[in-house]
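In this document, chain identifiers A, B and C correspond to the written order of the chains, with residue numbering beginning at 1 in each.
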Amino acid sequence: MTNSATNLRLKLPVACIILEVIIIILFGALVQYDDETDAKLWHKEIANGSSNYDNDFYYRYPSFQDVHVMIFIGFGFLMTFLQRYGFSSVGFNFLIAAFALQWATLMQGFVHGMHGGKIHVGIESMINADFCTGSVLISFGAVLGKTSPVQLLVMSVIEVTLFAVNEFIVLSVLGAKDAGGSMTIHTFGAYFGLMVARVLYRPNLDKSKHKNCSVYHSDLFAMIGTIYLWMFWPSFNSAVTAHGDDQHRTAMNTYYSLAACTLATYGLSAVVAHDGKLDMVHIQNAALAGGVAVGTAGEMMLTPFGSMIVGFLAGTISVLGFKFLSPILEEKLKIQDTCGVHNLHGMPGVLGAIVGAVTAALATKDVYGDGMADVFPDIHSGDVEASFQGVRQAISLAVTLGIALLGGLITGFILKLPIYGAPPDTICFEDGIYWELPGEEGSHEELTTVRTPDEAEKLNA
Amino acid sequence: MTNSATNLRLKLPVACIILEVIIIILFGALVQYDDETDAKLWHKEIANGSSNYDNDFYYRYPSFQDVHVMIFIGFGFLMTFLQRYGFSSVGFNFLIAAFALQWATLMQGFVHGMHGGKIHVGIESMINADFCTGSVLISFGAVLGKTSPVQLLVMSVIEVTLFAVNEFIVLSVLGAKDAGGSMTIHTFGAYFGLMVARVLYRPNLDKSKHKNCSVYHSDLFAMIGTIYLWMFWPSFNSAVTAHGDDQHRTAMNTYYSLAACTLATYGLSAVVAHDGKLDMVHIQNAALAGGVAVGTAGEMMLTPFGSMIVGFLAGTISVLGFKFLSPILEEKLKIQDTCGVHNLHGMPGVLGAIVGAVTAALATKDVYGDGMADVFPDIHSGDVEASFQGVRQAISLAVTLGIALLGGLITGFILKLPIYGAPPDTICFEDGIYWELPGEEGSHEELTTVRTPDEAEKLNA
Amino acid sequence: MTNSATNLRLKLPVACIILEVIIIILFGALVQYDDETDAKLWHKEIANGSSNYDNDFYYRYPSFQDVHVMIFIGFGFLMTFLQRYGFSSVGFNFLIAAFALQWATLMQGFVHGMHGGKIHVGIESMINADFCTGSVLISFGAVLGKTSPVQLLVMSVIEVTLFAVNEFIVLSVLGAKDAGGSMTIHTFGAYFGLMVARVLYRPNLDKSKHKNCSVYHSDLFAMIGTIYLWMFWPSFNSAVTAHGDDQHRTAMNTYYSLAACTLATYGLSAVVAHDGKLDMVHIQNAALAGGVAVGTAGEMMLTPFGSMIVGFLAGTISVLGFKFLSPILEEKLKIQDTCGVHNLHGMPGVLGAIVGAVTAALATKDVYGDGMADVFPDIHSGDVEASFQGVRQAISLAVTLGIALLGGLITGFILKLPIYGAPPDTICFEDGIYWELPGEEGSHEELTTVRTPDEAEKLNA
């Protein structure tokens, strides 16, 4: 499985080291501790009457760590379902996430406002960087198994940049709310990735078809990812909402949405799958759609009742998408969406944006009281009507879709250049191209448990 | 492995969707945000001088997430030890937990007191719902591999309801303390499940005997569950105790109890197992008994010394139970306890209840000081003597055992109806009945690593 | 695989039970709740105006749980990379960690100062005990696969004791800072373990060579350990730093160091590995070196820029160590370092100590402001110059190396006695010696997926 076209001895080191050196230089020139991480500045606040216990570290860090687990374990293991692509799923997820969070700190710092020419970093910038990284990992899901790590790094460079621009337009220019990122993270990441997958369409991918599926143990590894994403999604949606009732409510709405979504997923899966059996693909993915779909409205007064309805709908459209829409996307639109991100992040993200727009349009002072100031500051201040806030939300969805699709298109063409060591059609979904695999040489061969036909043949020869 | 009796195409969707629709309607009619999650109400408290940092979210949510991990990863993966039942272990655990936490919110809301006809929800109700779910999952352990998901949902409906009733009697009527649920969660769940298993006794289960055991990798997956349960048990026992020293002390007592229990487990396992070797069943289960056994007394002034003695005893009786009692339960009492919940939750739960009664009876003002008000409010107020608090605790154990056994009996007979798609005796402990398994068709068959004799034969034919 | 020399029926129970009984007696005689866990004492503080929300539980417990996950899941699963040693990796890790945290509570209590003849315990003692345990687990990595659990327990008894002594000298006598333990945990654990491995050198270990490597699934299990260590390292380094900016800054510095380290690791791995492919050994280990290397300086004003440079260097030397230094250590110095702890903890620990010394020497009032009191109290008080603090740090490194090497030497000779049931050279790295393995008897043999040549032969006979 050695191939000069996919040999990364030069390409990957050059990409990693150049990118890291650029990042380090930019951090040296531009990044500073914020008021809560700088020894001198924080102690000035202490001198002015603050307590160390007021440091935002204590009110955001547990959520940050939950989000961190979702990014590295959740996304990483969710993608290990492929029988022979576990090293790459976890490993490339690890690589591009470690890169993207650094790059995102810079890009988000640039567009969200600098402080005297400097980017200030602290727990909020760490959470936001992880969020941006999540978007890149969603796109990774669409092209999983068909891309080299160098391509993925290049994709991350562009996608993170456009993410920051889109996020700035949606949150700061348009004044929309999207704390859990139904639009900015899920919709953006999904449609960006789908467009990249479209441009990178491989007509002969069926030559790797026998590897584009799971085995028993790989599905169990994937369930580790699913369950972690499911459990910690309440932390994800609430990680950057306002303190107090807002964080509390967002976490709870997400919890209920996911629970209802799970019941819908199991019910629908047994309906549409073969022989009334359950399909692991649905369970691993659609059960999470409830978290995506309350990413915008979760911080609003959606009520547990509303959250459950949204979750139920999200699970339903996600299972139906896997069953009926994905084959059409592949055959008609030539979009080979390895992980089905359209069903987990795309449609539920759009649903979440719509739910958010409607919920915002219905906001009243009677329901929110003074809490309106946290959730909808512009309605509270009287600058806009609730209905107009709904319009802002809807426009934000359209802008997000536009930037994602256009960005994905351009990125796809850049990634199509034959210089990144992408795998040939015949050996996609195969770790052996980029990883030294155990058990391929030496006297312990008889102990390995998984073997491709080719390898088996070689051994028997 | 297709069988019309076990085909769930209609049954599972009907069960899932009807149950979820009922839940959503009841939530719509009855459930409201509490003071800490409602935007308007919380901001009234803010107007009255509270700070957002006082919101209970910050003092309970990290514990909640640890409990959540125990419920979904801990219980789910602990049960993956069976060689060919990993999808069902994690997957049905996921399904019934997602259902039970919603249903528990309603049932616990009903019996624990409504507010103007409404159930108020927030972080405490979320933790309590997860606790109740834990009890159902313990019962699931007793019937693992022998029940359909529809049976499990029906069991959950009844068990959650009875759990709420028992919890109300024990905590509110009898005034017992049981923050970590030695009685209400572990004893209740174990004896309920054992009685269900008794009624569902399968005389010909030995036809599936070859699948009722582990393989190398399945035991490693199970260790993920064990270790997470072990690590986060301090959070479980302390999640709903009073703030301050109580939560702090409960977590620490549990930590010491578990550490001592682990040493006892390894020591005893090497004594009783074959050839002085360690038995994974003991390590996976008995090492956790220390957490169960301080579920009641953990919040009391048990001291680290006392906690370690309790943990050591719990590990000892648990290993001995696996070795000597479980075979007797199966042969004489016809209780086929797949996961040995009697050894992990049953006996250690009873031990925990007794330790709690004794520790309560010995409580003195001299030891507790003003802290008595948090741990034993009725002793503090002078309403009862410490010795009487001990009696209350003992009565609570008896009540719990009674309701669990009677409830399990009735539930068992309901589950015995031949309408739920239960597996036949010959294919218990087998994912293939309810799940589309990978690697059963198509050209990639030679890549699968685990194969039943039947499948192998078919392939070779 | 039964062997009277390795039969632990008597040895392991005696070791576990005697040690646990000694611990319980010492806890009974010496250990007391501290002010924050004792009901009476804490309520005295409440009476004096404290709030329950001031209890340190809320500001340390989330970090503690992250550290706990690193100890039990992180270290445990990281070592499951060996194809046939997963039970022992997770299981012995579990055993010795559960023992060491109890023993460490006593030893650290003795040397760090008793209160009226009593050791006071609370969340800080729990974190410190877990830290000390981490050091033992690092040493375990050096001797993995070649030692019996009884040897490991004996090693833990001695190592924990010496750890406490060294920690006392470094932190209390010399006044060095080392919150994340570059010196006291990583350097100490690594060189202690390497010296033990040197004394236990096995010239005929190549007879077990075919088992001293990974298989596909074992590498995926190991990645669970790696990723958890990576994610939670910010919590590790910040768990016991001062509250406020210190914890916040330490976590963030570690986060950036690890991210930069990961890029360096991937880049270097592709350079040095075969055919430009990535090597799992590097990814699993070297990507973590960035956390080790900011263990001392993480709490200082290292800046994100400085943290990234340190992380980048740490990843680089770690990969190069695996490639070029480990073979030399084994061939020339006769140190068989199973997990390569020299590359992950040894060299990066020394690097971290040096970075800490330099950063301390450069500390100025201008940069730290009043925060100097938390990070360098002796510089703040004017007792020492910054440059002298740097000297103290450097001396601490030398002392740590000295105690570790000498302690490891003595421990090695004690462990060499032929009474602990150590495995013979021919069956190292093999679970079957100490564990009842599934699928070795009974009718389900054909279902097991991993089989040694010996077993296969027996079956075919």
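Assume a contact is a pair of C-beta atoms (placed from the backbone, for glycine too) under 8 Å apart; a residue touches a chain by one contact, two chains touch by 3 or more.
From a predicted model like this one, the values you see are computed outputs, not experimental measurements.
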| item | value |
| --- | --- |
| Copies chain C and chain A - interface residue numbers shared by over half, same or different | different |
| C-alpha-based rotation, chain A on chain B, 0 to 180 degrees, nearest 5 | 120 |
| Inter-chain centre distance, chain A versus chain C - centres from mean C-alpha coordinates, in Å | 32 |
| Residue numbers of chain B (touch at least two other chains) | 53, 58, 62, 217, 224, 449-450 |
| Contact set on chain C toward chain B in their complex | 2, 7-10, 12-17, 19-20, 23-24, 27-28, 31-33, 36-44, 46-47, 52-53, 55-58, 61-62, 65, 68-69, 72-73, 76-77, 80, 86-87, 90-91, 94-95, 98-99, 101-102, 121-123, 126, 149, 217, 221, 224, 433-439, 442-444, 446-450 |
| In the complex with chain C, residue positions of chain B that touch it | 53-54, 58-59, 62, 66, 83-84, 209-211, 213-220, 223-224, 227-228, 230-232, 235, 242-249, 251-252, 255-256, 258-260, 262-264, 266-268, 270-271, 273-280, 283, 287, 301, 303-305, 308-309, 312, 367-372, 374-375, 449-453, 456 |
